[in-house]
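To start, the structure itself, in structure tokens.
We call the chains A, B, C and D, going by the order they appear; numbering starts again at 1 in every chain.
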Amino acid sequence: MTLRKILLTGTFLAGLASAPALAEVPELNSALSPVEGSPMVDLPASTKDSFVLGFSNISVVNTWRVQMVEELKYEASLHPEISEMIVADAGGDVNRQVSDIESLIARGVDAILVAPGSEVALNGALEKAYAAGIPTIIFSSNATPENYTVKLLADDAQFGRDGAKFLADVLGGKGNIISIRGISGNSIDNDRFRGVEEVLVDYPDIKVIDEGFGDWAYDKGKQVCESLLIAHPDVQGIWSSGGAMTQACAEVLEENGLPMIPMTGEANNGFLRIWKEKDLESVGPISPTWFGQQGVIAALRVLEGAPIARDNLVNPAPILKDQIDAFYRPDLNDSYWVGSTLPDEKLKELYGK
Amino acid sequence: MLLEVVDIAKSFGSVQALRGVSLALKPGSVHAVLGENGAGKSTLMKIISGVFPASSGTIRVEGQMVHWNRAEQARAAGVSTIFQEFILLPNLSVAENLFLGRELRTPLGLVDRQRQREESRRILARVGLDLDPDVLTGRLRVAEQQMVEIAKGVMRDARIFVFDEPTAALGDREAARLFDLIRQLRAEGKGILYISHRLPELFELCDEVTVLKDGQFAGHFAMQETTATELVTTMVGRTLDQLFPPHRTGGPGETVLELRDLRTTGFAGPVNLAIGRHEIVGLAGLEGQGQIGITRSIFEGHAPETGEILFEGLPLGHAGPAGGVAAGIGLIPEDRKAEGLFLPLSVARNIAVGLLSGKGLAQPASVPAEDIAAQIQRLRIRLRDAAQAISELSGGNQQKALLARWLVRGVKLLICEEPTRGVDIGAKSEIYAILRELADSGVPVLITSRELPELIGLCDRIVVVRDGATVGSFPGGTSTEEEIMAAAIGGQRA
Amino acid sequence: MTRAATAEQGQKIRARTLALLRGAMAIPAWPALILLLAIAAVVQPRLMSLPFLLIVLRQSVPLALAAIGQSLPMIGRSIDLSIGGVIAVVNVTLALPVFAGGPVWMSLAFPLAFGAVVGLFNAGLIAFVRASAVVVTLGVSVMLVGVSYLISGGAPGGSVHPFVRELATGRWGMLPVAGGVLVVAALMAGLMLRRSTFGHALHATGASYSAAWLGGLAVRKELVVAHMLSGIFAGLAAIILTGYIGTGTLNLGADLVMASVAAVVLGGTTFGLGAGGVLGVVAGAFALTFLANLMTGLGAGKPAQLIVQGAIIAGAAALARWREA
Amino acid sequence: MKLAGATTAVRLRRLSALPVFALIAVLAIVLGVASPHALSAQNLINILNQQVSLILVTVGQTIVVLTAGLDLSVGSVVSLTTAIASHGTPFAVPLAILAALAVGLVNAGGILRFGIHPILMTLSTMTAVQGLALLVRPIPGGTVPGWMKTYAGAEILGLPLPVICAAVVVFLAAVVVSRSRFGLHLMATGASAQSALLGGVNTGRIILLAYLLSSLFACLGGLNLAARLASGDPLVGQPFGIDSIAATALGGTQLSGGLGGVAGPVVGVLFLALLGNGLNLLNISTYYQMIIKGVLLILAVSAHRRNQPGL
């Protein structure tokens, strides 16, 4: 009797410490906020004591996604009520992701988490899951089924806006810039660039004189940047869709003996290192990897009947030059994406030098 | 006239294969086309069968002008050809091969295997073959394949039949069956073009004969009004004696190569053969009796089933042609284009290949321009310059380049399979002279040939091979074709 | 001069012009390069500046090295589609701390040795098991990419040895060091093809396998050496590419596989025939790299680049056949 | 390849597919023991439905391989098809088919008319058509006509309609390849184009048809994929080239031509899919899966010894 009381109190206290509202249900990260006008999810709480969660991931072909999946797995391991976390990786194949979701439905999981590889391709399968009464949590990138349970998305246009705003300010509203974009036709890249265009409308004297696609990769970025910088001697700034490509541009400038110019970056440890080492004029928009963690939390909230908005958007403020030291982790390698919620030992295991 | 061929010419690149050849085929007759290898018979037959078009000239079938550039068109016009090289597909069944291109079909449009099987049995029976029509063609014996090929040609509802050396691979009984078939076709009023250089069978079977020489029309005779001698003279253009260098008068010299009780795979054997230092020895025999097996056993060192090969008194124990070359043996293969030449490469490189064998890959490759030029001059290879691609040379000059390959290396024994296949007459006599010169200088030469006159004219000794066994030896020069044929056939066809 | 003689002379001149034209067109890389430079001179003169051309030269080094390697199996009538896998594995390996911090010879020896081993494995299956070269090397490539993911744990990164960086990005004055590496490698390969027994025998084997075998050449050994050299050149390309990038990254080199085949074909070499030599192959690689830069400069996106590249491969292959005929 | 005991042509062709049938049977037993879920009807239907596109593409690839050719461009045709079909106009589907046929025509034209090696020819169209696909639909998205979505979602007796359609198509293709005159001529052409030509086969027409069919089947695969994903994606077809070749080789169709059938390669697709699925269920990393796939590919092709080394 006493023992049980102590345990209950302990749980209660722990709950109080982390979140003021419901004791046992974890809260979403405060950087996630409901979209204006988003309805609240109104599914009844599950009657089960333990849950099987299914996660359909499109791929782990870049370090950002690797870290995101790690965050998801780690968060799931913290909750004893999650009896099993099934992770299905589609290896970049949307077709396979449809099957993965169908397979998760067939296995009767209690909730499906999806990091979609396409905005439209998964809609049919997601509708099927929803119709089967399985909560669907879409996060990290968008999918557009008519019915779904929760969405957690980043505003990719904000990434572009942050960068463009920085360039406009640092150039004093005048100058030529080039843009190093991600994968041609990729929706994230298009959204990011849309953000740039939105901002630059207000700065008619800033001209995007050329652009190239570096596929977010260091190697391609370097070639594209080199071609563009040699072709255009008169460039005052660079907008980049990703940190690896910014890093590549910095090296191109250095190797060719050109002066450093303002460039937009990204909140990635490798980029922060270069930023610091080379003392660049830059800004680091954040695209958080803790989506994985938040996806698990959202699923638990839905299953336990805790309040949660249907549509949520994340807008973390970009890292500024004077904040580098607060984020940079010299003890971790370049692949680390800053702002992780993973515990230190896990990060050291993944990214230890 | 069933078929009229008028003034046909054909050239392949710089090589003029046919020059103004004409021929007329009557219905109900067997018309022989005679000529040496390289005289243009096969080219003419391929033009008549539509395999490739003539460069100029006209073809008329029953008075109608025709223009063919695909075999199918000729076939549709009623020309059925039994080609010299097998065109059966090894991965299809006998029935599928027989009906290829004119499959019997079910009402659903699928291949009617049952009906084809039955029909095939009937057709095969007609040529005297008792084969399962479902069997893979690739698994048949060579003679069986040839008979299937003949069956395929004969079963067609054609008016003109072209037989291109059909008996080359046939045994006696099969050949007799074929002649019956041809006579039957003639009785039905068909026209038959028959290519062969076995004179006896031409006299047995044919009504008239057109002779080609060096790609040109050389004569036309009614079979009953001509003689073998007249045909040979027309075909060769001069008496054979002028073509060949004089035979050696001295002895054969000490033995260089000796085969003792050698049995090669697939043949009964055994082979017993010795070649002296100054000899040219020829292997004679019917098609596919193991002649090539013997030459390749010496050169490639195929492990003989039993017996041994002694070269300069020591046993040969190499594996692969590289070993043969290392031992000092050179081989000029029967299929020059496929197995001898590097067609896109220059003449110089083709010759210099002889020096590459056995060298470490990291060693410098020498292309000794002077030695090559000397051989080109010695062999009178006609070319623009040594950097010219060898594909542009005529057959005779290509063959000489292959000779040059081994002369540059300096071999101790030369094996020459079909030394003058597809070679014009002028180059022939030059090649013969070189081979004799080699033997005189102490490099013995072993040759195989389908041409008995060539063996008789050139060789010091002719060894007859039957079923992989040496069954007789004849002196060159004085032997007759009949003697050699009799030995080659054995008891079968006398 | 009689009319007949004039006509004859005219014919001779025509024949000679045709021969000359054929010679020039024989190696498509040269006319293609001239055309590209001409277009650049008109529409994008800044691409014709010396610094820019030197940059294109440096950018083309990994492709040129890979293509020289690729040309060897192709001359021998084989193909090596595994170079992408070799480059991927070498890249993530060189970015491991053991290599980045270790002695420099490790970073230089490992790629070459690894390439040689992969080439040996390929050739073993191709020459002795006689399996299809396309599928064998494709399968090896898939395997190696998997291995590269395993080595990097899917999260590559790290840095590479400073000497490797210097090799790829350093300069002597204006001249890129990588260009020097290419020149040395190309000279060695060219010398080997033109002068060594291996080069002559490989050409012969490509022209006719049966004739080479009957001519007493070590046909299988040549294929083994050709594939090993192809792997070694891929390893060398990987060193330069890795040094240029300075870190481990996923799927590095995937683009180089098809591009190397394209460069080889453009350089006048096709299956079984190495007409253009090493110089042609290098010119082909340079032309493709210049084309990519030109089209980027023209604002033509990736789609247009792919379409043009496809047309170039087909055109070059058709030209090669026309030359043979 | 020599298969011991195969003396009749029909048996040889049937035996060629035997190894892959044996492989899939062994795999099924292993999976059944290791994971009860693997062989559940729902999982198998899922796999089938997922593989419909690749099965269709592989049928086309097999036809080309039988002629001793190779079609590397199928993946790009799949991409282009989804790109066009997702443009939502009523003409999208016929247009996609026409585009695919044009690719097949270009491939065959280059090979027949200009004598370009099939590997180089289809490599060039693979590259160029990939560019076209990116041009038509730079960003994944768009939408397909309603009837296509209905088709993708429909079920008959618990079986997805695409699976039923694929089964019918595969059956017809198998009958055509093994029983029709065209199928026989494919094998004749693959064994020796020259002999087949002399023997009365219009080899030019056969090769033309083979490449047209290959592109057409790739287009059907693309249409199915577009319907399933209800959208277009300019890069979605990229894996189809290697995968279709792998399945064809695994299915016992000889890459040097002339021997094989449709059933083997289709089972090859299912084998690879079941293997991937099983490895996933057993939580084996995708990295190991790539290595296993490479090894399988090499083993499959090593079973077919050629007369002399080569492509």
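Just so we're on the same page, a contact is a pair of C-beta atoms (placed from the backbone, for glycine too) under 8 Å apart; a residue touches a chain by one contact, two chains touch by 3 or more.
What you see is a predicted model; the values in this text were computed from it and never measured.
Chemist: When the contacting C-beta pairs are counted for C-D and for A-C, which pair yields the higher total?
Modeler: More C-beta contacts join the chains of C-D.
Chemist: Any idea how many Å lie between the Cα centroids of subunit C and subunit D?
Modeler: Those two chain centres are 30 Å apart.
Chemist: Using the average of all C-alpha atoms in each chain as its centre, how far is it in Å between subunit A and subunit C?
Modeler: Here subunit A and subunit C have centroids separated by 39 Å.
Chemist: Taking each chain's centre as its mean C-alpha position, how far apart are subunit B and subunit C in Å?
Modeler: A distance of 44 Å separates the two centres.
Chemist: How big is the gap, in whole Å, between where the Cα atoms of subunit A centre and where those of subunit D centre?
Modeler: For subunit A versus subunit D, the centre distance works out to 37 Å.
Chemist: For subunit B, jot down the residues that touch at least 2 other chains.
Modeler: Within subunit B, no residue contacts more than one other chain.
Chemist: Find every residue in subunit C that makes contact with two or more other chains and list them.
Modeler: As it turns out, subunit C has residues touching two or more other chains at 154, 210, 301-303.
Chemist: Which subunit A residues sit where two or more other chains touch them?
Modeler: 60, 184 - these are the residues of subunit A that touch more than one other chain.
Chemist: Could you please write down every pair of chains that are in touch?
Modeler: Chain pairs that touch: A-C, A-D, B-C, B-D, C-D.
Chemist: Looking at the complex, which residues from subunit A come into contact with subunit C?
Modeler: 60-63, 66-67, 184, 210, 212-213, 217-219, 222-224, 226-228, 230-231, 244, 248, 251, 255-256, 270, 333-335, 350-351, 353
Chemist: Can you tell me which positions in subunit C touch subunit D when the two form their complex?
Modeler: 77-79, 125-127, 129-136, 138-147, 149-150, 154, 209-210, 219-220, 223, 258, 261-262, 265, 270-271, 301-314, 317-318, 321-322, 325
Chemist: Under the definition above, what is the set of subunit A residues touching subunit D in their complex?
Modeler: Its residues touching subunit D are 60, 88-89, 91, 93-96, 98-99, 102-103, 106-107, 118-124, 184-187, 190.
Chemist: Note which residues of subunit B are touching subunit C in the complex, please.
Modeler: Per the touch definition, subunit B meets subunit C at residues 299, 320-326, 331, 333, 338-345, 349, 352-354, 356-365, 367, 405.
Chemist: In the complex of these two chains, what residues of subunit C are touching subunit A?
Modeler: Touch residues, subunit C against subunit A: 44, 46-47, 51-52, 55, 59, 97, 153-159, 169, 171, 241, 244-247, 249-252, 292-293, 296-297, 299, 301-303.
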